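A single structure is presented below for examination.
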Amino acid sequence: MRDGAVLFKALGCTPREKEREVAVAPGELPRALFTLKNMGNFILLDIDATDRPEGFELAWRLLDTGGEGPAGIFTVKVLADRSDPRVPSVMGIWKAADVLEREVWDLMGVRFDGRDGLKRILCRDDFEGHPLRKDFVVEQPARFPGGAEGAGP
Amino acid sequence: MQTLNDLFLIVAGFLRGLMNSLGFTQLLADAVMGLISFAAVTALLMVNVILILWVDRRAASFFQERLGPNRVGPLGLLQSINDAVKLIGKESIMPKAADRRVYRLAPLLVFVVAMVLYGLLPYGKGMTAVNLNAGLLFFIALSSTSTIAILMAGWGSNNKYSLLGGMRTVAQVITYEIPLAFSMLGVVMLSGSMDLGQISAAQHGLWFIFLQPVAFFVFLVSALAELTRSPFDMTEAEQEIVAGYHTEYSGMRFALFFMAEYANLFSVAALGAVLFLGGWQGPILPGYLWFIGKTWAMVLVILWLRWTFPRARLDKMMKFSWKFLIPLSILNILLTGVGIKVYQYVVGR
Amino acid sequence: MNDGAFLSEVGDFDPLETEEYTLNLGPQHPSTHGVYRARLRLNGETIVSCENVIGYLHRGIEKLAESRTYAQFAPYTARFDYLAGALNNWGYALAVEKLGGIEVPERAEYLRVIAGELQRIASHLVMLASMVIDLNAVTGWMYAFTAREGILDLLEALSGSRMMLTYVVAGGVSADLPEEFELKTKTALEGLRSRLDDFQALVSGNEIFQSRTRGIGVIESGQALEYGMTGPNLRSCGIRLDMRRDAPYGVYPRMDFDVPVLHGGDCFDRYSIRILEILQSVRLVEQALGGIPSGPVRTKLKRTWRPPVGEAFAQIESARGIQGYHLVSDGTDKPYRMHLRSPSFVNIGVLPELAPGLTIQDFVATLASLDIVLGEIDR
Amino acid sequence: MLGIGLVQGLFTTAKRFLMKKVTQQYPEELPDLPPRSRGSFGFDVDACISCGLCEDACPNGVIRVEYFLGERNKRQLLRYSMNLGYCLFCGLCVEACPRDAIYFKPDFTLACYRKDDAVFQWRGNAYRPPEVPAASAPAAPEGK
């Protein structure tokens, strides 16, 4: 795990105390990840998305195995617009991004620009909506069989 | 003891005598005897298939530290009958897009071929249902026709897995037919006959396995491939092509394939016993018991191999045949020829 | 096609017309380890291209988490990677502990190592078993499963359940060691060793097995990193990356164990490394049992426990690679968002690149050697 | 030498052929399950105070506690139902119970033919059968 300050410096940001997380603008993302990858010893672990009131918060989690001491996670965050969430794809930087981006698109409905084959991966192809969004309505099945008596306590 | 040995011959002779005394013509008597042999062979086949099924499952279980089927009947002996009845009772589902005639014909052909092979085997001295003087040749020729039936099944099912299975069978069986035939040639040279009965008789005192160990090895390997038994069971490789050519078969049609497979196992094991283990030759016990015993020994060896080895790869297996087994078997033929000449020279002097 | 051109040069033949075709390997197929489907383009038996089709087991557990409390969600985590339930529980517990700043008693940490490593053994045994049965070594499969049975019995004695343990919970573990556990462990590990020896004698040395696996489906180390592969699959390509050693959690820093690494990157190495890891896990279990301190096993959380607003990402070395749990809290008793980084989901991404040129038989071997669990892929 | 591995494998299977088998002949020979084993549930009607903690703890809504308020607003258990068809056997209810009224039993024979049979019910001491018995009232395998 490298010192956060080194990474922040490479990315051209001001480091804060003990931070292992940086927020960038959507347009800046490929450059930031490319810079990090070129420093070596990074593995793209995960892309995940959270549906927050202010927009979709996407996080690229990189496993940092360089430097001294134990390996650690370094997170690059992007806040995508709520109405039309779009971020550039990083498939050209890490091939692992392929399945991870498709997952985010499928479940959260964030579009990744500049790549092919962005289609559903977990839900069926004709599924409507993006289930992990907060406004997605889930049907609740009845728990107890037997009509009105079984409608719950 | 001699009576016991010739029991079946005596019975046959008695029946012929009976028919003569009743005024049957020679032709009619032959026909009746043919029918009786047919019934006897079929009965033998069914009993053996059912037994092999049971032994296969029990032996597999024992190799794998478990007990296997032991509930139906004593020791689970009736399990295979149970399964057969179950299969007969099941609906035979035919895919809509199947080539209907080919699809229906294939299991019958496979089973008929398997059955005819039983007629050729010498169960004891003079105990062959159909005695041919080129029995061995006929045996090989006939057994390879089942390839066509299997290809028919693969094609007729109109399923990609089935077709792959059918194609694999053709490739594999044709490739291994050559070393199989070559491995038998050494035996034919030694015994000077293609009559299975005479080959057995020629092994009086010394089994051919001791004279032809290399040929026996080649025979065993190619027989496994011919039977499409593990490690060469690519044609019905469950993990790759689901069930190969019989993927789309169910009910009694599937049962026919299944029984034919085990029937073939027995007949090829019997052929091995005839060619290399002296057939019905053996002390004390009647010949037919020796024959059955040796055949079962071969069957057990094949099962043992099956439950021990993983599956080989198709292309590597082909290479193994073309680049190793065939040269080896040709070399064996050459050495056998030289050996015979040397022996004749030594003995002749 | 080349054959056709060749034939037409030789004589007056029409060139043999060959055609590529599509084969759907799965979702119902004996060797797809669940409901994975590969859409293969085939030329004869050779694969031209391969496409992963997954999602048949998608149960929406991540969404489910948003309607369960932190404690209530714990049992569901074992349903991700159902072959390594305890490790899943552990990863989730780590994330919750990180989120809420919960201390774990030391005895519980040792018990976690015991449960986790036993679970890793069980999981690797399933991998070995399913790999050899995909190559039709049925007997080897039985030996590995019988050995696993002994391990599962231990886990049952420990937690009460064989696969879905819910043993590792936030704040510690759910129960202390049962009576005579050391003795039972000793017997079970003896059974494991004897069966593993037989398994090795039966399969590893077998020439047919080797010819099926050596040099098949080779993953280069650079390729593996590019595709984000982790776990034994990565370590078999020559990269020593193990969260237990590189980003230690629990009491692993105090444990003495090796991280085996192989360099071939082929199916055989992916198979062998599991055996080596099992032996290391046995070492870890024995160490943990030997050095376990006394004390409480759980920091009880209040029934209406609420973590502070924030988020946490915790990662664990699961049986298949790095498993990461991302938890977002909005201050209520239910997670605002739960996300799982599942190793199989990422590992399988490499398959479309490996497949072209392999035959169906090799493909089956390669798929088995990647050791995917569909519960974890589809979530 | 080529073939050594094959021969070794043959010896291994032959060895296991002769060794003791691990099969358990199930209905005659029952497995010896550890006491913690989560097979099915036992319920102590007298111990239950109808607090509903188990109902709260259950992640899947499997448990339903029916009660009425008796003298001094004390809860009287009418009926305790568990729909084991949805049960995860996670043990959170057992952990939550303050009186150990619900507990695990190693008995694991839970197979049943109808979905309704998977609903386990225990009648509380205050239970009175309804005047018109409902036709669809599920049978109680462990009913008291």
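For clarity, chains are labelled A, B, C and D in written order, and residue numbers in each chain start from 1.
Heads up, the rule we're going with is that contacts are C-beta pairs under 8 Å (C-beta built on N, C-alpha and C of every residue); 3 or more make two chains touch, one makes a residue touch a chain.
What you see is a predicted model; the values in this text were computed from it and never measured.
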Subject >> Chains touching both subunit B and subunit C >> reply: D
**OP:** Among all other chains, pick the one whose mean CA position is farthest from the mean CA position of subunit A.
**Re:** B
**OP:** Averaging the CA atoms per chain, pick out the one whose centre lands closest to the mean of every protein CA shown.
**Re:** C
**OP:** Identify the chain pair with more contacting C-beta pairs: B-D or A-C.
**Re:** A-C
Original post:
In whole angstrom, how far does the Cα centroid of subunit A sit from the Cα centroid of subunit B?
Top reply: 62
Original post:
When the centre of a chain is set as the mean of its C-alpha atoms, what distance in Å lies between subunit B and subunit D?
Top reply: 53
**OP:** Take the average of all CA coordinates in subunit A, do the same for subunit D, and state the distance between these two points in whole angstrom.
**Re:** 40
Subject >> Whole-Å gap between the CA centroids of subunit A and subunit C >> reply: 23
Subject >> Set of subunit B residues in contact with two or more other chains >> reply: 63-66, 307-309
Original post:
Out of subunit C, which residues touch more than one other chain, so two or more?
Top reply: 139, 143, 146, 202-203, 206, 208-209
**OP:** Please set out, as single numbers or ranges, the residues of subunit D touching at least two other chains.
**Re:** 6, 9, 12-13, 16, 22
Subject >> Footprint of subunit B on subunit C - complex, ascending >> reply: 21, 23, 29-31, 45, 132-140, 142-143, 146, 202-203, 206, 208-209, 211-212, 359-362, 364
Subject >> Of all residues in subunit B, those that touch subunit D in their complex >> reply: 59, 61-67, 304-305, 307-309
**OP:** Please give the residue numbers of subunit A that touch subunit C in the complex, ascending.
**Re:** 1, 43-46, 48-51, 59, 61, 63, 65, 70-73, 75, 94-96, 98-100, 103, 107, 120-124, 131-132, 136, 138
Original post:
Which positions of subunit D touch subunit B when the two form their complex?
Top reply: 6, 9-10, 12-14, 16-17, 19-23, 25
Subject >> Complex contacts: residues of subunit D adjacent to subunit C >> reply: 2-6, 8-9, 11-13, 15-16, 22, 33-38, 53, 56-59, 88-92, 95-96, 104
